[in-house]
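In order of appearance the chains are A, B, C and D, and numbering begins at 1 in each one.
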Amino acid sequence: MGSSQVWLNLTLNTLALASLLAMLTIGLTLIFGIMRIMNFAHGALYMLGAYSGIAAAQLLGNFWIGLLAAPLAAAAFGSIFEYTLLRRLYRRDGGSFLLVTFGLSLVLTEAIRLIFGPNTRDVDLPSVLSGVVWFGDEPYPAYRIFLIALGIVVLASLAFVFLRTRLGLLIRAIAQNAEMTHALGIDVQLIRSLTFAVGCAFAGLGGYLAVPLITGYIGMGGAAIIDAFVIVMIGGMGSFFGSAAGSLLVALTQTFGNYYLPDFALVATYLLMICVLLCRPGGLFGEQE
Amino acid sequence: MSVTRRSLLTNAAMISAGAVLPSLANPAKAQANAIRIGVPTGITGNWAALGQQIQRACRLYAKTINAKGGIDGHSVEFVYEDTQGDPAACMRKTTDLIERGGINLITGIISSPESLAVMPRLNDWNALYLATISGAGSLTAANFVPNVFRTCTSGPMRAKTIADWIADSSKKRFFSIAQDYAWGKSSVATFEKLITDLKKEPVGQVLSPLGTKDYSSYIARIRETNPEVLYIAMAGDDATAFLKQAAQYRLADRMQLVTEVLDIVNIKPLADASVGLYGVSQYNFAYDAPGNAEFVRLFKAEYNEIPDTFEGEQWQALEFLAEAIRRAKSTDTAAVRGALEGMEIDSVKGRVKMRACDHQAEQQVFVAQVGKTEGVPYPVPKIIKAYPAEAVVPGCRKDSY
Amino acid sequence: MSLLECRGLTKKWGALVAVSKVDIAVSAGEVVALIGPNGAGKSTVFDLIAGTTQKTSGTVAFRNEHVEGLSAAALTRRGMGRTYQITSLFPSLTVLENVRLAVQSCEPRRAYPLFSRLLLERTTEEALKWLHRVRLREHANTLAGLLSHGDQRLTEIAVALAMNPKLLLLDEPTQGMSVEETRGTVELLKSLLKDTDMAVLLVEHDLEVVFGLAHRIVVLDRGRKIADGLPAAVRADPGVQQAYLGAGHVAH
Amino acid sequence: MKYAFPLFSVLALAPLVLPGFHVTLLTEILIFALFAMSLDVQVGYARMFSFGHAAPYGVGAYVAAFALSSGNLPLPGAVLVAVIAVFILAIPIGWLCTRASGVAFAMLTLAFAQLAHAVIFKWNGLTGGSDGISGLLRNHGPWGFAGLESRQGYYWFTLAIVVGSAFLASKFVRSPMGTAIVAVRENEKRAVAIGYEPRRLRLAAFVISNTWAGLAGALHAGFLLFVSPELLHWTLSGYVIVAVVLGGAGTLIGPMIGATLMVVGGHQLSAVADSWPLFMGLLFIVVVVAAPNGLWGIKSSIANAIAVRKAGRLEVDHVAS
């Protein structure tokens, strides 16, 4: 494996990881932007997506079904949660949200263990994704190429929705000033619920897409949530583009860091966040305080 | 002030009395009632998968032995507590089991830090602990305490087995990847020392932090170094993730993959991608011994599955314990300890001896390769060679060779 | 030299001139009221003096020192206290604690002693004294957020006074009060100002209050100063009548 | 705090009647309660949410462990050394973290805690890596005083420290500095205007809160006689924040009650139900919905309701007459 191949390999790995991380964090940042809450249950929803995607795929013997089932399940569950609980709490302080979303993540994780058992679960990839792509004589997993492509498609369509549609405009408007938007006669609550559902859907999709790399296991949510918060902070809370950029930056740090300085891999991401937050407390793309 | 001081002293006296009391009270209680065994293990949380193996083995054991009238007429009862793998919780649960539950026999603790937290207290508690998962070499070396017995294999034993197996091979260049914590690091250190002694070359080493999700950078590094053999010291979900990603990069086409832990729980999610993988099988369902055949039959009847590594390891520990209680004719800590020391039994792994000097069970260790087998829908480890205890167990109170 | 000397104060918001070349001087012990119809620029002048708004041009000298660009905290330390139009007490602290915070911020020990019992006792005593003077002694242990509006405004005044300012900027002290409360407050302020050399600059809508308190009145209209003199003179000034009545007539 | 003395007396006499395990459990509760109380100084009074409070706790525990094992110091000495060490470390870290506020502050504390975790995890030679340091001893004092070695002795030692800390903390939040910290929380601009410096006050709150957490950590080391990197894991930071919010932030006593409920609830629930995290989670959700200001908030809402009803009755009486 020559050095140019190493570089190609690492670059592709960065993009694939960034695409997975972006799926995980976009929902979190959207929800923060529009509702000003830190959703600690995001990791559990990510796990829920993974497990429900696996279940659907296994039931129907088709990997692609899972891509549909995972976001739907997470969005459905998230909406129920939003409708029955979060809605009562909008006037409360951050502590209430912390406690209720933390409680939900405990409930969800344990419910998944009860339903699916504690053992690791996996999904069979269709042959087109389980194969390899050859770069010279180096095999590269087709699934990672798929992740990169999917990431680009999803981000591009989200960017379109965000910048070019009325819904995107409303989301940005509410993120800036919910009361003003409400005063303009817009159903802020509806947009909030919609955004929450979409955010959860992306968490679910991200969870399912991670399964072929890390499998589905109890504790995958807890492992994901911290990464997600770090990325969202680096990018800027509430900023869609920030979380995309943050995902790329963290993926870059982890991929190249693990290769060149594996001993510092554990702390590199946190050092990155400290540097960003000390220089720009609002994150790279966020509003500066 | 004087009151406080006096009550302080009185209480100090009461505690020392309390430490003696259980040992006096327990045998009597045990004669009359069930034999109770405490299992502080991981029921929920990240260790739930291993905890489930521990619990399944214990449940089956209780059911089986109680159907036969128990141990010398006393039924066996397990008390499970959830530690979530946290040493502080394990400490609290174990204290509760021992002090409030009046239990003096403990088994099924999962992580090494949990074991290390509990061990120094066993003497005061006058309780015994049978280690069935914790592989840290130090348990029977630097941190040895008389009330701990390790019935399972240790990390160094597994590393030694692989090194011995490799000695016969013509392969020269070795790369190691291990989880970055005590067990992974000590395994790699042991392994690299042993193969260097064999005039083979360790060409690289990577330690991956616990909970790593993307192993692609490490795989790129391994590919670039291009060793002949990749030695893997990883366990749990991390092992599954690494093996899965290694398979996606077709790593096995370029080099031989050898893992120190070849458990069904880790390779089952990989399905056919795991076929051909080499590694150490601490316990193997297909091992040909009368005790094992019976265990596998019972296990299949109960759970409709074949037993995995720690189900076998836990079963072996319980057989040791039951035999010791029979020989001691009591559950008294000192008596059971005395019976265990030097005891030999025919277990699911064949003849196993609990050596007296450091309480490490001397047993054979298997090298296995993953392959398909009849009657099991997924690939499983199949024994290719067994290494006798004399070859792989370290010297007394040692964890290196 | 006056205590406060403003010359040529000007503030432009883009093309809009909010305040234009206003001169105001306040001497020690003097109570000066700043009046004018809505949008005359009273509040802007106030904010320019207090440093919360950056001026476009002009100078502000306080106790013979140019204080341009100083923070609110620095002005406070130099002896310029103020109350706020929108009540801004610390709602979950008691009334006593609110005042005590002001007393204690003037203490020379800026290291915030942790458990100084002496400091606590002295500042509490001082704060109680101020509460007594604004007749809120019995509410000392009420949470400030639970006080009636009028009492909150009084607490504001007590907080400002507790820092022993040389100049007190009072921003609509009776705003939102009932007629009765207003009357009481005016009496109270009068008694507070009786034997002190503290100067006051007052912005107020209620002309009753203004004429009851002020020694001198400055009138603004559309950003310009149109009158500056004794109450009687200002009352008689045709320009002022024009500004007020004219505006009033249009409004009605 | 009319209940303080009776409560203290009951706790002080408890070991004379309770069996050994309960004394152990009480000790653990006291330590976790102190830990939660320490965080409340930051969260409740300065509204600085920290997601890295396990760091001072864990560092305090490790320093105490070094002092006990390598330094061979007597137990109170080891605790003192740990507190001083955490105090010194908290100053520069607090200085950096207080550059930000709100969520950014929380994430900075998390990042520093993760760094501390990584250092302790990696620095095998000193810290024992993932295996931690086991087999610590509660060393005798200089005059051979061995009273702290016993379970009861250690309980009383812990009780004295926790009660003393709670007393000091309740004094502190009413002290000149404490009220200034609350003032900054309530209305930062106004506090600045009357001459306070928010960053300095936040730093003070951070350092005090962290030092107290270090004390709790040192007590933990002496209690379990074992330390491991789990003490610095972010999950512990999460649990302690949950304890604070559950009990009611900004009340000192509330977080201690929350901590008690988490330890006792977790222990008892897990003994009867395998799926105890599910019930704990549901409990948190119910508390949030039913008690907006945490468990201790229930008490004041009841008190308020009674007050309102009384006031209403007076008014009615007034009108009637």
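By our rule, a contact is a pair of C-beta atoms (placed from the backbone, for glycine too) under 8 Å apart; a residue touches a chain by one contact, two chains touch by 3 or more.
All figures in this text were calculated on a predicted structure; none of them were measured in a lab.
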Per mean C-alpha coordinates, the chain lying farthest from chain A is C
Using the stated contact rule, I'd like to know whether B-D or C-D comes out ahead in C-beta pair count. B-D
Between chain A and chain B, what's the gap in Å when you average each chain's C-alpha atoms? 36
Centre-of-Cα separation between chain C and chain A, whole angstrom: 52
Would you kindly tell me how far, in whole Å, the mean C-alpha position of chain D lies from that of chain C? 43
Which chain B residues reach two or more other chains? 44-45, 180
Shared interface positions of chain D, touching two or more other chains: 121-122, 275, 277
Can you list every residue of chain C that touches 2 or more other chains, as numbers and ranges? none
Chains that touch, pairwise: A-B, A-D, B-D, C-D
Which of the residues in chain D end up touching chain A in this complex? 43, 49, 96, 99-104, 107-108, 110-112, 114-115, 118, 121-122, 234-235, 238, 241-242, 244-246, 249, 275, 277-278, 280-285, 287-289, 292, 294
Which residues of chain C touch chain D once you look at their complex with the stated criterion? 71-73, 76-77, 82, 84, 88-93, 97, 100-102, 104-106, 112-116, 119-120, 123, 159, 163
List the residues on chain A that touch chain B in their complex, please. 1, 6, 9-10, 13, 16-17, 110, 113, 117-122, 124, 130, 132, 138-141, 143-144, 210, 212-215, 217-220, 222-223, 254-259, 262-263, 265-266
Could you list, by residue number, the parts of chain B that touch chain A in their complex? 44-46, 48-49, 51-52, 180, 206-209, 211-214, 216-218, 220-221, 223-224, 226, 237, 240-241, 244-245, 248-250, 253, 265-266, 268-271
So in the complex, the part of chain D that touches chain B is made up of which residues? 12, 15-16, 19-21, 24-25, 28, 121-122, 124, 128-132, 134-135, 146-147, 149-153, 156, 220, 224-226, 228, 230-231, 266-267, 270-271, 274-277
